[in-house]
Structure formats: structure tokens, C-alpha cells
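Shared between the two complexes below is chain A, which has chain B as its partner in the first and chain C in the second.
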Partner chain A sequence: MGRRVTLAALVISAVAPLMLLGLWSVGDRWFFPALIPPTFTTDSWRAMLTGQLGAAAVVSGVVALATAVLSCALAMPIGHAVARLSGWRRHMASALAFLPVAAPPIALGLGLQYTFVALDVSGTIVGVIAAHVVPATGFLAIYFSGVFTALDPRIEDEARSLGATPIQVWTRITIPIVRRHIGDALALGFLVSWAQVPLTLVIGGGIVRTLPLAVYDYLRAGETRYAATGALLLTVPPILALLAARRERVAPL
Partner chain B sequence: MEPALLVQGLAVPFGSGPGLREVTFDVAAGERFVVLGASGAGKTSLLRALAGLSPVTDGTIAVAGPAIYLHQTPVLFPHLTVYENVAFPLRIRGRPQAEIDGRVRAALASVHMGGFAPRMPRTLSGGQTHRVALARAVVARPALLLLDEPLASLDPTLREDMRRTILGLQADWDGAMVIVTHDLDEMSALADRVAVLLDRRIAQIASPAELLSRPASLAVARFLGHMNEMRVSGDAVAVFPPTAVRPQANGFHARVSGLRVRVRGTTAVLAVEGAEIEMSVDPFQPPEIGDELTVGLDPRGVVTFRDAQNVETPSVPISSTRIVS
Partner chain C sequence: MRLAALVAAPVLIGVLYAVLGALGLVGLDAHGYTTEHVTRILGAGSTWRGIGWSLATATVATAAATITGGAVAIAFRGTRLGDRVARALVAVPLPMPHIVAATLSLVVLAQSGLIARLLYALGAIHSAAQMPPLILDGLGIGYMATMAWKEVPFLSVVAISVLATRGPRLEEVARTLGATPRATLWRVTVPVLWRGLAPAAIAVAIVIAGSFEGAYLLAPSNPLALPLLTYERYRTIDAARRADAYVLVLMGLMLAVIAVVALEWVRARWDAE
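== the complex of A and B ==
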């Protein structure tokens, strides 16, 4: 009985906010104390396809995709190097790799801002991607250090001993063996960027308008319907990632 | 003829100590060279250094061609089939598919794994994994194969099987092997020559028969084990195997104080003038505990050392010398 109540509470706490967002996204002139919207409209959903909301979603998607690929490419060798260390060296390297994640994003953003202004990439998509790559690489480096710790180092030793070059070891042995983890890492990198606000604000300077920023803007302007539609869209990639992770767990090896 | 491997003055760091020093030896093409040493003596570090997988601090290593190192518990690439595992050294060298196919099938047949080509490594037993790893190691015909305790992780029945497989490999591959082990049986079954690694140096290089019959120092003799050791006249120490102790009418008086039954033979423990030595006995008709015997030594099996160095081999039965114990 207690278990059922707990499960019901879990479902309600997970689904109810999404259902409310769904109602908000289509509710028109919906004010307290009305329990449901008096009228419905799909204008915010149409805006997603053609208007600013859609444009912000595309920018977010491009930034998150590029962040995922770049941070994955950087984090893999870093995680591999950390995994092959031991003792205090490993502890120090792990701490260094995790520093961009532990640092408050606003502090990180300000630190990066000076450099990016000098490089003339502040306020550009390239600058925002570069900024997102910093914490995403930290997350993924820690993730990959765990993956490579579990990978028997003798496998790579064996390949080297058989005459494989370092690139052949990576391309023919290491990457194929951890390919499923690379998929997870890409999803994680995508999500780190997808939900990123402070770094986008500081580096993008309001010029680069991603979906989370658009949601903030709509909220501040009192455009609740548009904000709710954007917020619903923001939940789609995490839900897809969770479903994919679940499917992977039950899939046969 | 140029050696397959020439090692001169090698220094290999390992552990927290100074590491191996002044390691010098050569291995001829087609030769099986065994490095014998206790656990922790630095055998694996030496082998990894020869393979280029561990650093060296001094000396030179000259190999006549590619050297391949095989772990004590070899690992196959888990994402590749048995066929693709064995094909790996050829694929990374860009060999044509027809050549790869022929050589992979021949290598698998040489280790009796011909029917396992499409299998994945996780479906193989430990012994089968060993054999596939061996096939993969020799398929590219390396000049030198470095085997780290190749039989240590196998149970006794698989050990004999693998021993035959290793010996059979050189039937159609003329490369040299360096094998490290701490096991005397493994050494004597596989070695053409043996280097004994003691106190971070090579203490002796000899054929197995020469090593067992003429250890170069008391330390080597002690490492080889199963040796009787007795202090004789002066500072000299006589070392001899249980097989050198024989019943002898005018020898020492001895009393049987125990029996030791081992796979390699049964021995009687004899109390002789306050000392204890072992004598090989007929396992089907061993003496009784408490039996009184007179025994002597076959001088061909006795080596004496003074100051831990081999100084002489007695030409007279040791029964004519005074046992100090």
C-alpha cells in the first residue's frame, strides 16, 4: 500500500508539472481562480515552428550539438589520462578536470568573458559554444575517467605490443569498445549545454538567444503561454535521454 | 648469425628500489630463452621493457624485428571475433585480405582453434583464450615473442596442453621466445637456455641441465630449491639434490625421520650427524620411518661453495669429509 502511494506521489510529482505546463502553453486568458483555461489557442506552438521560439530552439540545438561533440572529443583523452594515473596524481588530475564543473558558472563566465572579448568571439554562437564546452568537458572528463578505469589497460597494451600505432589503438580498440559510453557522453554534453543559462547570458551578451534565455524573456514580459511552450520544449531532450538510457539498460548485451 | 635479441647493460626501474641492473644476454633466432626468478624479482618489468612498454634507465636493446609481448593472463579484444582478433596484427599492417585469411586460418589451426573463428572472446574458456592470444601473437611472424608466465594462470591439465602448443609453435615460425617464469618445471620444459634473475641482476645463464647440476652460486642453488645443503670442512657448503644421496655400505649412518610425497618424486628425510637431508626413494617401496640406513653421495651431483661462490666440485665422496651442519 505504502509503496503504491509512494509510486503515485512520484508519478504526480513528475507528470503534474508537465501537464500544467501543457495547459499553460495552450491556455488563453487563464486567470485565478479558474481551474482550467476558459479558451484555448495554439499560437505559441505555431511560433515554435515559425517564430522566435523556434529560432531560439534551433540555436540551442546547434550550440548543444556542437558542445556535445567538442567536449566529448576533449574529455575522452583527458578521462583516459586520468584513469591511467594513480595515487595523488590521479586525485589532483581528477580535481583539475572537475574544477570547471565545481566553479560557479557566473564566475566561470566572467573569467572567460575577458578572453573571449580579446578573441572577438564574445556575443557570437562560436563564443557561446566555446564557453559551454568548458563545463561540459569537465563533466565528461569525470565520466570518461570512470569508463576508462573500468577498461582493462592490458587490452590497449596488447594492441600496442602487436604493433598498433597510438591512433590505431584509439580508432580500432578503445573507441569501438567504449562506443556505447560515447553515445551516453554525447547526450550528457548535449544536456549540459541545452540547460545552460549563466554562461550563455555572460558570453552571448543577449545577442545569442538560446531557448532557456527565450523562456526567461517571455516570463519577464508576462508571456506565460510562450514561456510554458518553451519550457515544455526544454524538457524534451532530457526525457528522450532518459528513455534511451532505460532502453539501453534492458537491451541484451 | 645475428641474434634475435641483444640486451647489453640494461637497467630497468621497478617498484620502489633501484631496479634491475647490468642485464646482459642474447637470444638466438629460434631459441627459447627463459628468465627464471622469484615473484617480485622484476621479471615482468624486464619483459615489458624488452617490449617497449616500460622505461629503461640505461643500456641497449637490439631486436632483429618486431617483438610481441603476451600478458600472463592474455586478453583478447572483447569487441572482435576470434578471427578478427588473430587478424588484428595483419590488418594494422595493411596486409591484403587473401593473405590475412590464409595466415589467420593457419595460425588458428596451429593452436587447435580452427573451429572457433566466428566465436566472440567472452564465449571462450581460459585455456582457449590463451591459445587464441598465442595465435594472434605469432600470426605476424614477429622476430621475438615475449611470454609472461604463460602457464601460471592455467590449471595442471591445461598447462600441459599449452606447453605442447608453445613448443609446437616454432614448427612453422622461426622466431625467438623470451619466457619469464618462477616455475622450475615450466623452465625445464620450455627452455633452451635459462637466465636466473637474483638480487636484481642475472646470476647465471646456462642450459636447464647445466643450471640444475651446476648452479653458479649458493644463492642460485638455494633459489633452485629441493637441494640439500650441508656445511662441510672449513667455510665450504656442499649442495646436492636428493637424487645424489644413495644407499652406500661404508657411508654415513642415517635414520629415516620422515617421508615427503611430491608429484616430482618421493623423498625420505634422513637425520645424519645432527643434520637433515633428503634422499630420493622408490615411491612404491619407501623405507619405514625409523629405519636405519647407511648412505653416501654421488660426487657427480655435489657442488661445494666457499663464500657463497662455486669453488670446487669434490672428486671424492663427501662421506670422506666432515659434516659440520
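== the complex of A and C ==
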């Protein structure tokens, strides 16, 4: 009995959000207490294709892609180095890597703002990408330290003893072995940036308008239909990532 | 180690600027060394109420999510179809952005939201005003519920993997030694689960306490959660007081450092055993 109720709750928790957002994105003049919208409109979806929502989605996509690639490239050697430490050094390094993840984003953003103004990147896409790279690199460094802990260091030692240069060890041995994890890490880095609000708000200075920021503004303005449409679009990459992760686990090695 | 310090470098730069900013030494409105920002913020009741509110709501939401995640992992650990479906479903909200969760929360929990409409249809309430406010309410019920819903998937996924890797052998030993299923659950399964979940729960509490957009859209304006208080001080039109925000930035970063130390301490203690 309890199991069935829990299972039903899990079904609702997984499926209802998307349905609700979908309905709210097309419901017109849908006031309390109507359970279903009296009329429908597609104006917010048109805004997605041609207007502000679409533009915000493109900015978000560009920022998230760049963040994913940069933070992955930075985090891989860092995670590798952390994985080869032991004892208190390992814990100290993990704590350092976790710090940008744990720092409240608004505090991180305000703390970094002067530096970004001084570098003349405040209010630019480059600045926003650089800001997103900070927590994303922390996340991915922790992720890669886990991946490389599972990798036997003797494989790399062997390559080195056979005369491979450090770069050859990376390109010929390490990267091919963790190839699959790099895909996961890119997805993770993308999602960290894709969901980011406070860092974009502070470093982007209201000039760089990403999709989460657009949804945030619509919600504050009480434009629920537009907010729901943007929110629905925001769920697309996460769901794709989740499906890809599931398929990978099911597929034979 | 040096490479890991590189990851933390932006935070350390942030701390440095926040210290200098809080003391009036850098910043657009800086007029030289002063302790007025520090004394004003430390002396303000709103600071401590904000920190208290952020920590309390993060604790309650994390506790609710941890218990739910653990319960889901225990209830659906088998290999039957229902178990596998449940384990797949529970992960779905995992990668959703916080802003999506907040949007949903407004649509469902607001006084004219879905729950209010259903209650009206059932005759339980006769106007939107009769619906108890769950959004922007003083207790932060809607905020905590949203954060808990958002974090249950992560904690469930961790709990499921903890049980799968560490549970079966110990449980088998307990049963061989004559423990009842009930005793096995409370003396073996739950402690194993708790040990594995504790670091994840601390991480979740950190995320919730630092949440900005969720708090902005769902939490009350009095007391104002720490991240919102920080942003509000930063946005104030009174230029002479703007640097107050840096004191709050430092307090937020300090809390994060304490939480990270706690997290690594918990992990180090259990690694050692």
C-alpha cells in the first residue's frame, strides 16, 4: 500500500511538472478558480522562436557550451592531480576544489565583481562565461578526482617508463581511457552554467540576458505564461542529459 | 595541491576584495579605512535573523529530503519492475534548474495556484484568500518544500548506490546472527545509509542555504534570507552603505568554508575506519 502511494507520488513528481508547465505556457486569461484555461494562445511560443525568449536561449546555449569546454579542460588535470594525493593532502585539496561550489553564488559574484570590472569584462558574455567557469571547474574537479581515483596509476607509469612524454601520456593513454567520462563532464559543466542565475545577474550586469534570467524577470513581472514557456525550455537539456546517462548505463560496454 | 588551490583562487580573490571592500579600502564608493560597515552589519538584527532563517530552512529542507531519499532507497531496492521504475523516476527532477522548481512552485502552491483551485473545486475553500499562503510566507513552507523536492532526487540516487554497494553483506551477516528483519533495518540498514548519506546531506544544505533565485521568488521578505540580504545591500541607492554588502559576502563565504571543513572532516573520519 505504502509502496504504491510512493510510486504514484514519484510518477506525479516526474511527469506532472512538465505537463503543468506545458499547460501554463499556452493558457490564456486563466484566472482562479478555473481548473483548465478558458482559451489558449501561442504568443509565448512565438516569442521563443522569434523574440526575446529565443534570443535568451541562444545566449544561454553559447555561454553553457563555452563553460562546459573550458571548465572540463581546466578540471581534468586538477582532478587528476587531486586523485594522486593521499592522506590529509587529499582532503585539503578536495576541500579547496569544493570551495567554489559551496560558496553562495551571490557572495562569489559580488566578491569577483571588482576583478571583472578591472579586467573590463563585466557586462560581457566573456565575463559571464568566466564567472560560470568558477563553480563549474570546482564541480568537475571533484568529479574527475573520483574518475581518476578509479584509474590504476600504473598504466600511466608504464607508458612513461616506455618513453612517452607527459603530453603523450595524456593524449594516448589517459584521455582515451576516460573518454566516456569526458562526455558526462561536459554535460555536467553545461548544466551548471545553464541553470546559473546570481552570477549572471551580478557579472552580466543585466546586459547579458540568459534564459534563466529571462524566466526570473518574467516571474517577477507576473508573466507566468512566458515564465512557464522559458522554464519548459530550460528542462530540455537536463532531460536529454538524463536520458543519455540512462542509455549509457544500459548499453553494453 | 597547487592545482586545487587554483580552483579555489577565485574564491580567495573574492574574499580579499570583500575584506578590502568591507573596510572601505576598495570599491566605487570607498572613502578610506573605516569599520562602520562591519559594525553596522554585525549590530543589525536583520543580519542574524537572516543567517538564522537561512540555516534553519536549509536544515529542515535537507532533513526532509534526506529522510525521503533514504526511505525511497529502502522501499525500492529490489529488482522487480516497480523497483526499477521507481529508481528511474526518482532521478527525473535531479538536473532541473532551481528557477524551474521555483516556477513550478509558484504555479502549484500560490494562493491562486493549482492546489487552491483543486480545493475550490472540492468546495474546501470559497476564495483564493482562504488558501493559506505558502509562498513568501513567514515560515517559508513553500520555499522549504520546493528545495526539498528539488534535492530528493540527488539524495535518493546517493542512497540507492550506498545501499547497493554496502548494504547486502552486512544485512546478511545480521540476519545469519539471528536479527529480525526489523532489527536489521534499524541496526544495520539505516546506520549504513546515514553514514553514506551524511556528506551528500551536508552538500545539499550548503546549496540550499546559498540559494538565491529560489529564495528571491519564494521566501519571505522578513526575515530576509542571507543571500537576498546581501544582494539588497549591494543594490541600495545609499552609496555610503553599499559596502555593507561586502561584510555579508564575507559572512556567507565564511559559512561556506565552515561547511566545507565539516564535510571533509566527516569524510576523513569515515575513510579512516
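Note that in this section the second predicted complex is superposed on the first by the 251 of 253 C-alpha atoms of A that agree within 3 Å, B and C clash if a C-alpha of one lies under 4 Å from a C-alpha of the other, contacts with A are read in each partner's own complex, and residues count from 1 in each chain.
In the analysis below, a contact is a pair of C-beta atoms (placed from the backbone, for glycine too) under 8 Å apart; a residue touches a chain by one contact, two chains touch by 3 or more.
Owing to the predicted nature of the structure, the values given are computational and were not obtained by experimental measurement.
Superposition of the two complexes onto chain A shows chain B and chain C fitting side by side, with no clash.
Contacts of A:R172 after superposition: chain B is touched, whereas chain C is not reached. Look at A:S161: by the touch rule set out above, it reaches chain B but stays clear of chain C. The partner that reaches more residues of chain A, of the two candidates chain B and chain C, is C. Contact with chain C, but none with chain B, is seen for A:R3 once the two complexes are overlaid on the shared chain. Put simply, the nearest alpha carbons of chain B and chain C end up 19 Å apart when the two models share chain A. In the three-chain superposition model, chain A touches chain B and chain C at no common residue. For chain B in complex with chain A, the residues that touch the partner chain are 51, 53, 66-71, 73-75, 77-79, 88-89, 91-93, 133, 136-137, 140.
Every residue of chain A that touches chain C in the complex is listed here, in rising order: 2-3, 6-7, 10-11, 13-14, 17, 20-21, 24, 31-35, 74-75, 77-78, 81-82, 85, 88-89, 91-100, 102-108, 110-115, 134, 137-138, 141, 191, 194-195, 197-198, 202, 212, 215-216, 219-220, 224, 227-228, 231, 234-235, 238-239, 241-242, 246.
Within the complex formed with chain B, the chain A residues making contact are 152, 154-155, 157-165, 168, 172-173, 176-177.
Considering their complex, residues 1, 3-8, 10-11, 13-15, 17-18, 21, 26-27, 71-72, 75-76, 82, 85-86, 88-100, 102-104, 106-108, 112, 114, 116-118, 120-121, 128, 149, 152, 203, 206, 209-210, 212-213, 216-217, 226-227, 230-231, 234, 245-246, 248-250, 252-253, 255-257, 259-261, 263-264, 267-268 of chain C touch chain A.
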